[in-house]
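Below is the structure I would like to discuss, written out as structure tokens.
The chains carry the letters A, B, C and D, assigned in the order they are written, with residues numbered from 1 in each.
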Amino acid sequence: MTSRDLGVPRLICQIGVPLAEQSALGHNRWHPDIPPAIEIDPGGEVILEAPGYDDYQVHDDDDPAELHHVDFTRMHPLAGPVHVHGAKPGDLLDIEILGVEPLSGVAFSNILPGTAGILADEFPTGWKSVWYARGSIAESRHVPGVRIPAQPHPGVVGVAPSHELLERWNAREAPLAENGQAFAPEPRNARLRGLPPEAATTAARTTPPRENGGNVDVKHLGPGSHLYLPVFVEGGLVSVGDHHLAAGDGECSWNAMEMDGVSWLRINVIEDGVARYGVKTPILRPAPIEPRFGADRYLAFTGFSFTEEEQRFQDTTLAAREAMLRAVDYLTRFDFTAEQAYTILSVAPVDYRISVIVDIPNPCVTLHLPIDIFDRDVLPRSSRNGLRQR
Amino acid sequence: MTSRDLGVPRLICQIGVPLAEQSALGHNRWHPDIPPAIEIDPGGEVILEAPGYDDYQVHDDDDPAELHHVDFTRMHPLAGPVHVHGAKPGDLLDIEILGVEPLSGVAFSNILPGTAGILADEFPTGWKSVWYARGSIAESRHVPGVRIPAQPHPGVVGVAPSHELLERWNAREAPLAENGQAFAPEPRNARLRGLPPEAATTAARTTPPRENGGNVDVKHLGPGSHLYLPVFVEGGLVSVGDHHLAAGDGECSWNAMEMDGVSWLRINVIEDGVARYGVKTPILRPAPIEPRFGADRYLAFTGFSFTEEEQRFQDTTLAAREAMLRAVDYLTRFDFTAEQAYTILSVAPVDYRISVIVDIPNPCVTLHLPIDIFDRDVLPRSSRNGLRQR
Amino acid sequence: MTSRDLGVPRLICQIGVPLAEQSALGHNRWHPDIPPAIEIDPGGEVILEAPGYDDYQVHDDDDPAELHHVDFTRMHPLAGPVHVHGAKPGDLLDIEILGVEPLSGVAFSNILPGTAGILADEFPTGWKSVWYARGSIAESRHVPGVRIPAQPHPGVVGVAPSHELLERWNAREAPLAENGQAFAPEPRNARLRGLPPEAATTAARTTPPRENGGNVDVKHLGPGSHLYLPVFVEGGLVSVGDHHLAAGDGECSWNAMEMDGVSWLRINVIEDGVARYGVKTPILRPAPIEPRFGADRYLAFTGFSFTEEEQRFQDTTLAAREAMLRAVDYLTRFDFTAEQAYTILSVAPVDYRISVIVDIPNPCVTLHLPIDIFDRDVLPRSSRNGLRQR
Amino acid sequence: MTSRDLGVPRLICQIGVPLAEQSALGHNRWHPDIPPAIEIDPGGEVILEAPGYDDYQVHDDDDPAELHHVDFTRMHPLAGPVHVHGAKPGDLLDIEILGVEPLSGVAFSNILPGTAGILADEFPTGWKSVWYARGSIAESRHVPGVRIPAQPHPGVVGVAPSHELLERWNAREAPLAENGQAFAPEPRNARLRGLPPEAATTAARTTPPRENGGNVDVKHLGPGSHLYLPVFVEGGLVSVGDHHLAAGDGECSWNAMEMDGVSWLRINVIEDGVARYGVKTPILRPAPIEPRFGADRYLAFTGFSFTEEEQRFQDTTLAAREAMLRAVDYLTRFDFTAEQAYTILSVAPVDYRISVIVDIPNPCVTLHLPIDIFDRDVLPRSSRNGLRQR
């Protein structure tokens, strides 16, 4: 990806430098009043570079010790916001993601102690894998025998909330935050591009995806995709960050293949689009270019709403977790450690499907793992037959 | 699909005749002791015809009145069981679904009053659509302007549970059944191929998918797919039914495109496969042949773990429901009724993805709807530009 | 595929009975005056069954001797013609191929002595492979270790020529026919549905594809595809035959996987379409459903406009032949005989591409062979590394 | 694509500077003795930047006048050669193309007067279109309403011929060169990295693809693809150039979307691979990542071995030309000029297939054009029905 001769405005990220020391670049909270970093006309383009989710706290080495000290209050360093002239509340932004690329070419998939995703209780210890973007593929010395096709995309694409929407978020998430089930506003390490410090006491954390998009973590938001977001404040105020070199649906281990990256956007305005199309949460259109596996070059693991200990009623989260447990266990039969398996399932382009959600009491979640990413045959085989069966 | 000259054994279903009157054909409960209807050798093939899930209670007319009287105790009429010589507990069956086809060519997608799936509260009234299998496409006079590529597959493929497993099911589901959240054993209308009536007091209902497969309702189990199921009793005892002419992930309205159908199976045995591969729930390999839409010929709707009234913690079922609500509402902007929209989303090949499940408190479920099934343009458009934007 | 309850008119073929003994079924020459076998309205549907190209001369056994006696004057037994009410010269027929299926389920791929396609000189001896349609896959006892996904389609879909067009064909092909490079009209074994015998002295043979479609042998004409054909006579007069269970681009050995089959058509009329769209030769739209291999699960062989003996100028036919020779030779390194290899390359879904045609003097033809049809690994491997490289 | 921190050796091309002024970069003829520009170990990687085919003779403006003065003796400026330690004659190089990207982001598709490809006689006048790489899509102000997904790839990847092979080339092409049907060696503007000037009297021109690969112009050689080339001299001596931002099969107008670009290669050695696999011409494995159109989102035009004036025997080149003529004419019905249409068909990802090559005397070539690149509906429609038919 290049824009050398094409004259597109660009926010530049200095590789390795935390957001706090790149004050022109962006912010790490959602707030209506953050001043724009750049302005464009409708139909215009912009190129936004951003550090990875960790704000350069994780390093390219083989030591997971630093994972115990990642400060989540620095999340997510975002590039922007971009003010789109004329965009007004009630409009819909058609954000076309023209291109996405790695910045340094180094990515991480971390199993963070205490925050290790859907199987956190099974993985109490930290583990790190470093991945290199070698052209269109990603490889890691920590997961030999696996090649992941790069599918770069921003995990976060969002717009500023209105004051009213921000209040609604804070009100509805506060009860959960008190139980440690959500992140309350946190002034420490907040970066708001010059807003007075008191703004940080209400500015929203960027972890959950919400009505404004944000950390939707949809792997389909690659080059050529569109994200349709409602406008809540004048100019829309679009920001981008949390790039992934690749990711599975679910981002199960709490990390995709996390990297510093760059997104090239073209932003159109659909006037009055929110009412015309009844938009309450983001709509998206997937990328046209993708790794194309054979339709039957997947192995899918099922999970239901029961475990060996309990039966729940229509608990899709449990079904998803069970499918993941089955997949991790399966891969350990093929010379992968549990950490490697869990990481593979978090960074490979897995499809995590709700195959049925009405057969009470058991939803069926299927986790589809592409088998051609492996240098070995991972299909179940009869011991009677040495030949591959298709 | 034909087996006229190929000599494959076949269970024949008489079109329009309920299971109770076709005693040789099959059964409608899971129980270890149901006598086999047919026996084959490992690697052998069998062709199984079965009525639709409704056991021919629903008819090809325009009157939804009969939907108030569907008797669920007749579900699911299954063809089988098939005894595979030599298959023993601990083995894994590799069930290849060589072919699947409609039987009568008529299929139904019903919105059943009181049992209308994930949005049942929004659709209290019955509604019926009749679909015809016209070669490889499905069309309905009740949903004009929509063509669904046929993707025939059995909703139910299962093996008999052991006595011990059956007891476990009954124990764990009983508390839910008392609350109306699961189906308790029900002797009325039970068909067990000659087992004494008392067996029906413990035989499991076929609604939920479980360790034995059963009603997994995975749309990827089309021609060429494989389902790997543990063997719990001698011979495995494989049964098939609940064919769909097409289905979306989720089967959200409680009905896919339901039909009488026929499945051609080849069954191999992977000795000791359960322990070798650590199988606790079914594993599957998707079909190699599928409708191939353009990667960007989808529109995806997002749902999170909140509504306008409440915020929940990591409730993926709620997120799925919210995404579905958004999609139904969106389609009503394009001259579809809500019933049509809900039905389309239940029978079209939608992908229902858990895009992220670790960004507390909000999972993000995305419902990907293929746009080329419509005879109209359903993309969001700027009013400024009459031309299509790709 | 079924039309049992859908009331679609159907021409029935008796399996194993030559066309001459099924006089109601169809014809085997192109002529403007052949009386219609069936009439439909625009937008109407029809189901057409036909013997295979060989008119039941080839049998399911292991003996190629009969291949020396195949009488080509019986080609192609076609079902039809279908008269479409109101279709008139200058209109364009939109022939949608709703469904295609095997009839007997038995198919053949023959290497016919003296007529063995692009490599006829290399394969002077007859060889036969018998393939069974086992649901969605095709297998042959003569080519073990290979599974071909079924992609049923009619090789011949055509309309009647006008008298003037028929004269043009005869005039332009006569010089070639005199050299044995084309087939002259041949009254022997001609079937014209009651036309006086003298018609057979000018009726066109069905081997070559022409302006009327006919034997286009395009593997993309499967279920859901459209073929747009000009109307030359009142009613269009559509006929179908020469079904293939599967085929590669090129049909290199002179045989695809040849079978008796059935096509379900819906025919619309685009008034004045020939002039509106400037149609001189058929236009088609491929089938939406297809075997989906991984984009990189192919191995492609190149051929250029030179051999070891000679250099030609822009000879794409030679380049195609050279690529085929390379592919046959390559497969013989993996325990296939040359006959098996040549047959595989003729029946598997290979893509035969003109990759470049302007780099004088050498066009580059690439023959893309899907590798997942094999039970063995056919990729080139370094001897240094036992592991698969993706 | 980035290699900033990954330490991969790189040949740097100065944008806008002709090869002659970048003496370290590469060469523009094939010769066994050209000294390597860089050396790597087997399994090693290298990044090669190169000017476009025109060596920066064509400029980003709207004036085709300069096209009359393009000097073809400067073709193709190649980066390299790369010496792979230990590679020796008889080995096979497995050249994995890890990544490919634009360099300046500006590309050209030229209709060059007198050299305009397969329809040169129809396009005697020059015409130029300038394309910009906007992330993953290519757009041109000269062809509004069309968006081409970027599919960057090198048109030329080749190895040095042996002296013996070079002699064979010169001998076999000389007779054609005398008729203007091939390019004879030409010392003018030859660049051979320091070889004495007399070498240029035998060094081969780079226009045609040959046994060493070279200008194969295969659009499937994108990121993740493999090209398997025989080694003819010690070290193999790999060179790359002639990058395309996108291309159709055929490269029919003599130009794809031509650009300066960069290829990232990993080169493995398969010892004795030429004999083991019987390799005479290059073998390749396509890229795993590609624009994925719907299987039925194509319109295909047919061409046969006849024109309105003549009937030829099995002339695939003529059939290809006829299919192209039909496609150009068709697109002019949708508000494109003939120049625009011809260019679209040369740069869009069209599939140019030999659908059948054995139905004498007429091969059938089908040109499959993706329809979703257009902002307008280009399907044939009945005038009776305003709605889109899928």
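In this text, contacts are C-beta pairs under 8 Å (C-beta built on N, C-alpha and C of every residue); 3 or more make two chains touch, one makes a residue touch a chain.
Owing to the predicted nature of the structure, the values given are computational and were not obtained by experimental measurement.
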(request) Consider the two chain pairs C-D and A-D; indicate the one with the greater count of contacting C-beta pairs. (result) C-D
(request) Express in whole angstrom the distance between the two chain centres, defined as the mean CA positions of subunit B and subunit D. (result) 48
(request) Could you tell me the distance, in whole angstrom, between the mean C-alpha positions of subunit A and subunit D? (result) 37
(message) So the centre of each chain is just the mean of its C-alpha atoms; given that, what is the distance between subunit C and subunit D in Å?
(response) 31
(message) Going by the contact rule already set, what residues in subunit C reach two or more other chains?
(response) 224, 287-296
(request) Name the shape of the chain contact graph, picking from line, ring, star, complete and other. (result) complete
(message) If we count contacts the way the header does, which residues on subunit B are in touch with subunit D in the complex?
(response) 145, 147, 291-297, 372-377, 387-390
(message) Touching residues of subunit A toward subunit D in the complex: what are they?
(response) 1-6, 15, 45, 60, 97-106, 132-137, 149, 222-224, 264, 266, 287-293
(message) Taking the touch rule as given, give the residues of subunit A at its contact with subunit B in the complex, in rising order.
(response) 92, 94, 117-118, 172-173, 175-176, 179, 181-183, 207-210, 215-220, 224-225, 228, 249-254, 268-273, 276-290, 294-296, 298-304, 306, 310-311, 313-317, 320, 322-323, 326, 329-330, 333, 351-366, 368, 379-384
